[in-house]
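In the part that follows, the structures are each spelled out as structure tokens.
Each of the next two complexes has subunit A plus one more chain, namely subunit B in the first and subunit C in the second.
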Partner chain A sequence: MSERLPRQLHPGAWWLWAIGIGAAASRTTNPITLLVLVAAVGCVVAFRRTDAPWARGFSTYIKLALLVIAIRVVFRVLFGSQHGTTILFTLPELQLPDAAAGVRIGGQVSLEGVLAALYDGIRLATLLLCIGAANMLANPKRLLKSLPPAVHELGVAVTVALTVAPQLIESGQRIRRARKLRNAGSGRRGFVRGVAIPVLEDALDRSLVLAAAMDSRGYGRHDPQSRSSSFVTGALLLGGVGGVCVGVYAMLDGTAPRALGVPTLVVGCVVAVLGIRLGGRRVRRTVYRPDPWRGAEWAVSACGVGAAAVMFVASAVDPANLYPSLQPLRWPELGLLPALAAAIAMLPARLAPPVAVRPASSVSRDVAVAA
Partner chain B sequence: MIRPLVAVAVVAASSSLLFAAPATADEWYDGPCTDNVGITVVIDFQELGGGVNVRCAPGPVTSGLDALDKAGIAWEPPLREPGFVCRIAGQPGPDREACGVTPPPSAYWGYWIAPRGGAWCYSNMGAGNRVPPPGSVEGWSFALDKSSTRLPPPGFAPPAVTPGTTPNPLSPGECSASASPTTTTSPAPPATTTTAAPTTVAATTTQAPGNPVPPAGGAAPGPTTTSTSPPGASATTTTTGVAGTTTTTTNAPTSTTSTSTTIPPVATTTTTSPTSTTAPPSSSVAPLGTVDLGDDQRGEGGFGFATAAGMAAAGALAATSFVVVRRRARLE
Partner chain C sequence: MIEFDRVTVTYADAAAPVLRDVSLVIPEGELCLVVGSTGAGKSTLLGAINGLVPHFTGGTLAGRVVVAGRDTRTHRPRDLAEVVGVVVQDPVQGFVADTVEEELAYAMEQLAVPAAVMRKRVEETLDLFGIAELRNRPVRTLSGGQQQRVAIGAVLTAHPRVLVLDEPTSALDPGAAEDVLAAIGRLVHDLGVTVVMAEHRLERVIEYADSVVHVARDGTVQHGTPGEIMRISDVAPPVVRLGQALAWEPLPLSVRDARRRAQSLRELLDRHADAPVAEPIPAGACLLSARRVVVRYGDTVAVREVDLDLHAGETLALMGRNGSGKSSLLWAVQGSGARQGGTVAAGLDGVDPALLAPVEARRLVGLVPQSPGDLLYLPTVGEECALADRESGSARGTCRAILERIVPGIDPDAHPRDLSEGQRLALALAVQMCPRPAVMLLDEPTRGLDESAKHRFAAFVAELAAEGHAVVIATHDVEFVAVAADRVVVLADGEIVADGPTADVVVASPVFAPQVAKVLHPDPWLSVAQVERALAGARS
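And now, the complex of A and B:
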């Protein structure tokens, strides 16, 4: 295993892995399980991230995750109805008119309410960190490249949407480094002029460069076709993707009716594949050096799906462990199956091929100086 | 990564004393309240299995949920909306209801209120927001696949007025009288269904008040509650406990078809159970279910090995990532 040549894993495999772990995390509110899952994801990122610009800034995602948790807790403290018996402290309560009966601002803050908000926030933060990990590990440009031709336009929009965060993080880091090199102060004053405007300008510049590059490569040109056939293709694609979205939501959301999930997903998939086939016929595009999908890709995506499957089994076998009791207060425990899921989630730290680590990452430094 | 761990550890440590503290002072007792201050709490498990249980929470209470607490009844809210009641005495179990969000209207605990000697009505307010008047009655009845117009009230009529007292009426607006189903409005045939053998009746009705009922072992078929109206305007409620272990027949007040909640009942409560003459007359009318109401069926749940192992695992993984990141940073 250690003799493998360094190469980049197919970005789709990383995304499947991350989505699988996200699905696993969505099954539980047990903070211990979630923290172990997050730590497993962090381990994989630490072992297998590249030196690419988007592969930096996991700490930014962690800060964002902590912010999500904090917002959740603060809102619950201020607005939530506190029904626990363990009162932590009492805030001054705002008297509301009778029309707003049931809404409470301030008042007693119970440990049970705060912990419920904390658990929920940790789950949301875990999902966020999973997406962040996929963004860091997968190369967004190669992900776009490996999409089927018919959904290319859709894929551009999705890729742009998914890579907004890493692009902003990267721009921010570059500009901060450049400011440091120029010995510009890091104070609050001049933050907008010094950081915010350059970041936006940077993003705009790069979008223009990307658009020019795509234009010069003949992107967006295809055979002329009748209006009706393009309408059929578009309707099939949109309907299919919509069906897949509804189906996935119904599958993952525990409260949705079971009958909604699988049929909608299957029908959506069939319709989407039809649309892709139809649309793909009018787009002739070749890919230069396509990313291979080999054993490592299968293994990594299987880890994500496996972690999700184990958690789904756990929610059927031992749901009390996945939803720890707050009334009465109980310590959350790490169950055997969730521990197994975390172990499976961590396997790509070894299964994925190693990445090439350059001793001195010259590129980013040079870019930073230029900026 | 370390910081959230530390935060969790601090929160956990600061509350460790509270985790172990006992819930309430044990002043509750089985059966309806004997004074006009305590809140009589009726728990009807319906299809869940466990029968009808009656307890008295010593008053005064600050809310309907407080009454549950004071009656020593374990209940759980859903995790994300902690204003509802999701489980009572561990029912419905985690296999049927995850209690992550609010339970669906097809299977939930309905909250019923009544004055002493009155009729049940479905509460317009949540149990957490309502302050029950002293001496009133609260009922929790599990509604499984019932439409909103056919919700089952608890299978035990609100007990009669404590002798020598005036029952406190419910606050106006708490209960819409027109929409309040009662135990005896259904036109049932005048026949009393009794499925238990007479020999098993004597086994459980001799239980003295105050003794917690032992939990039912294993899976048991649900109880059958039959409300009948004999043509004498007196209601007969027959409750057959799990596998026919408990059978108590009570004569409920006659004012059950009335929509007004302030009419004092005229009928006195008498029992026809063959063995109840040995029990004190004030509380022997309470049908006793077979569920230990104070047990939430979740075990002890102290700071155990699984918790420590989980924290250690998360910490070790986070530390590993840190070391790897540091080493790579030094390489660059």
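And now, the complex of A and C:
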């Protein structure tokens, strides 16, 4: 294999990989397995993230994940029904009227209950970290760029909307500062009149200017479309997306009927692709420096899908390992197949092409400064 | 290339048309400058070129506009995208993408230009505007001049034959404006692009123009050579005013023209009039004294240990590049902005305004921010004035009376957003003047003001100074400084690099010298009015 040039992997590949691991994690509550999966994800992030601003927040995601676990456990301790025999401690119980039967506040706290909440929290946290990792490895805005032409306008709308939030904050700060200068009357009514209305006016003005600028630059140029064909396109797209949603839900929820999962997903995908093809026919536009989809992209997304597949197999072969018993309490163990899944999940740390350390231009500028 | 045939534009609910019976032809490869007072319909004329008027703005357009053979009645702006490139006034508001490179490619993506061609054109445009090293930078982090060049580049990648620019240099410091104008000049001379440009800062652009379109207040237009139009125009740069005052024929349009004609004037002034002595800075009581003021945002130091004293009766201009710390210094001195170090002592008791409640602080130091509209939020001018009186505890009618002094005759029922730039500034200034602060700080007040509004504003500032206020004006407008300020402080990278009487600081400076000073160099004449007074004195 010749030496690979540094480049950015297609964002779609990273997202497929992350979703695959998320699907794998959803198959188990075994904390050891989940932690190994998290370690695999963290390892890939450490090796293959860029130094872009969105790639610097893994610690934030970890804090968020810990918060999710903590909330889950605390709620279970306070409100959950505590089946189990190993009582850790007893909280004062709030006596509720009969109408609220089934709801419990306080009372005995069992080890089994707390562990169940902890396992569940870890699973949620793992899913969250997978999404976080995808976010850091691939700029979500670049993912929008790779959208098919039919939904391109939607992508632009999202991009523009994403810039609105910081702008609103900025104009809010500016106007609040100005208000302080004038020391206008305080109070809620004063706030609405003095800050909210000017900020909204500002936002409206900006969006009108932006709309005019985009119009002048050719945004929204396409061939006229007949009513019936736009109806067909819309129906196909909506139906397809609906199918995909139902399919994914059925796949991830272990209790849903088997027949609902894969077939609905496949049919939904086909219908959506048809709709996108049909809609894209009338749009003429090109993409600047499109992200290529090459071997590395196939490999990375295969790793995600592979990890998920191994866990699906594992759940058929050895479900006891994936859902460790709480009654009786048993120490969870790392099974062979889950370990294999984690190993596959970690492969992109080597399979993905190395990242460019920093943009070439800033290097040359530094060199110029040094000279 | 651009043809207007008896065009009349009337907006909905408007009593009179904005443009009246406009017929003109702008040939290919011309740089055409659109001039006129604010609100005269310059933007409407520009918008009509690519069909934004009336397709986007509404209103009715009678007559015909044809650009490169395409009629705007049947072509929407997006259908003209490869023919006309439009750059909006504030380039940041027109940016769609995040990074420079993607922004440059955006228009081509919409026009379905093949990927290989796009790649090549982006590289060419990066080189043409000298912005190659910015290619991966987020557009919002660039300086004003860089943003303006990126915005022009971004429409140019679609290879339009007409470029429409709305005040491309108004918000820029003199150096950045030079960069942008040089880029525009290259497009006209090397690539044969037809450029139509509206600009208030005539002194910067008039010498590059091949023709000028003058939009009068009643909506009629005249189109002719710069020399012809400057004779009848409402607005004119100082060199033209100087030529008019001395009845030079033909009128000079550039400093170079005027300097070649000015030999005899310089001799006359030398013989008969005393060169204006740098007026001694009025040594009133010290109203505000700032010591070692530091403002920093994270790692960037915006203001670096600046000392500043303000005296009664003084008008101080704060100049310097965009981002040199002018605004930060004003806000820090006023007390409501960030200040990480140093002391500010205001008033006779020498209190720090940052420690006072806002209502007390504004009695000592007032500030009008860069966008004066931020201060206003009520639906009518009358209500704004009444509220300003209540907030500041002044007698009823105080604010209205101040407003009348700055700009007389504003309709009290008008909405502040419907006022012209100059009227809005006047209202914001009147609101802030209500508690009669001893020190008044103004951040970029002349942006968007036309010549007559600037004159009125300068006259009011002079009145304030005469009443014993100290006025500080942060600005890029060298011509305004020459007329209005008696002391100039130049900031660079947060430090004061020059501080002294206006003539001493600006006359010898290549960037900050006003046109009259350049024409009559080395004598320190700053404004046409000064020269006229001296000549009148010499004749009598």
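Just a few scattered comments:
What we mean here is this: the second predicted complex is superposed on the first by the 286 of 371 C-alpha atoms of A that agree within 3 Å, B and C clash if a C-alpha of one lies under 4 Å from a C-alpha of the other, contacts with A are read in each partner's own complex, and residues count from 1 in each chain.
The working rule: a residue touches a chain if its C-beta (ideal position, glycine included) is under 8 Å from a C-beta of that chain, and two chains touch if they have at least 3 such contacts.
Values in this document were obtained by computation on a predicted structure and should not be read as measured data.
In the superposed model, A:197 lies in contact with subunit C only, and not with subunit B.
In the superposition on chain A, A:210 makes contact with subunit C only, not with subunit B. Once the two complexes are laid over each other on the shared chain, residue contacts for A:331 go to subunit B alone; subunit C is not touched. The partner that reaches more residues of subunit A, of the two candidates subunit B and subunit C, is B.
Looking at the shared chain after the overlay, A:227 reaches neither subunit B nor subunit C. In the superposed model, A:346 makes contact with subunit B only, not with subunit C. In the superposition on chain A, A:175 makes contact with subunit C only, not with subunit B.
In the superposition on chain A, subunit A positions 359, 361 are in contact with subunit B in one complex as well as with subunit C in the other.
Residues of subunit B touching subunit A in their complex: 1, 3-5, 8, 11-12, 15, 18-19, 23, 65, 69, 74-77, 79-80, 82-83, 94-95, 98-101, 104, 126, 128-129, 296, 298, 301-304, 306-307, 309-311, 313-318, 320-322, 324-325, 328, 331-332.
Within the complex formed with subunit A, the subunit C residues making contact are 50, 52, 55-56, 76-82, 84-86, 88, 90, 93-94, 96-98, 101-102, 105-115, 118-119, 122, 132-136, 154-155, 158, 331, 334, 336-337, 357-359, 362, 366-367, 369, 371, 373-375, 377-378, 387-388, 391, 417, 431-432. Residue ranges of subunit A in contact with subunit B, taken from their complex: 29, 31-33, 35-36, 38-40, 42-43, 45-47, 51, 62, 66, 69, 80-86, 101-102, 111-116, 118-120, 122, 254-255, 315-316, 318-320, 322-323, 325-335, 339, 342, 346, 357-361.
Of all residues in subunit A, those touching subunit C in their complex are 141, 156, 159-160, 163, 174-175, 177-185, 193-194, 197-198, 201, 206, 209-221, 284-290, 359, 361-362, 364-365.
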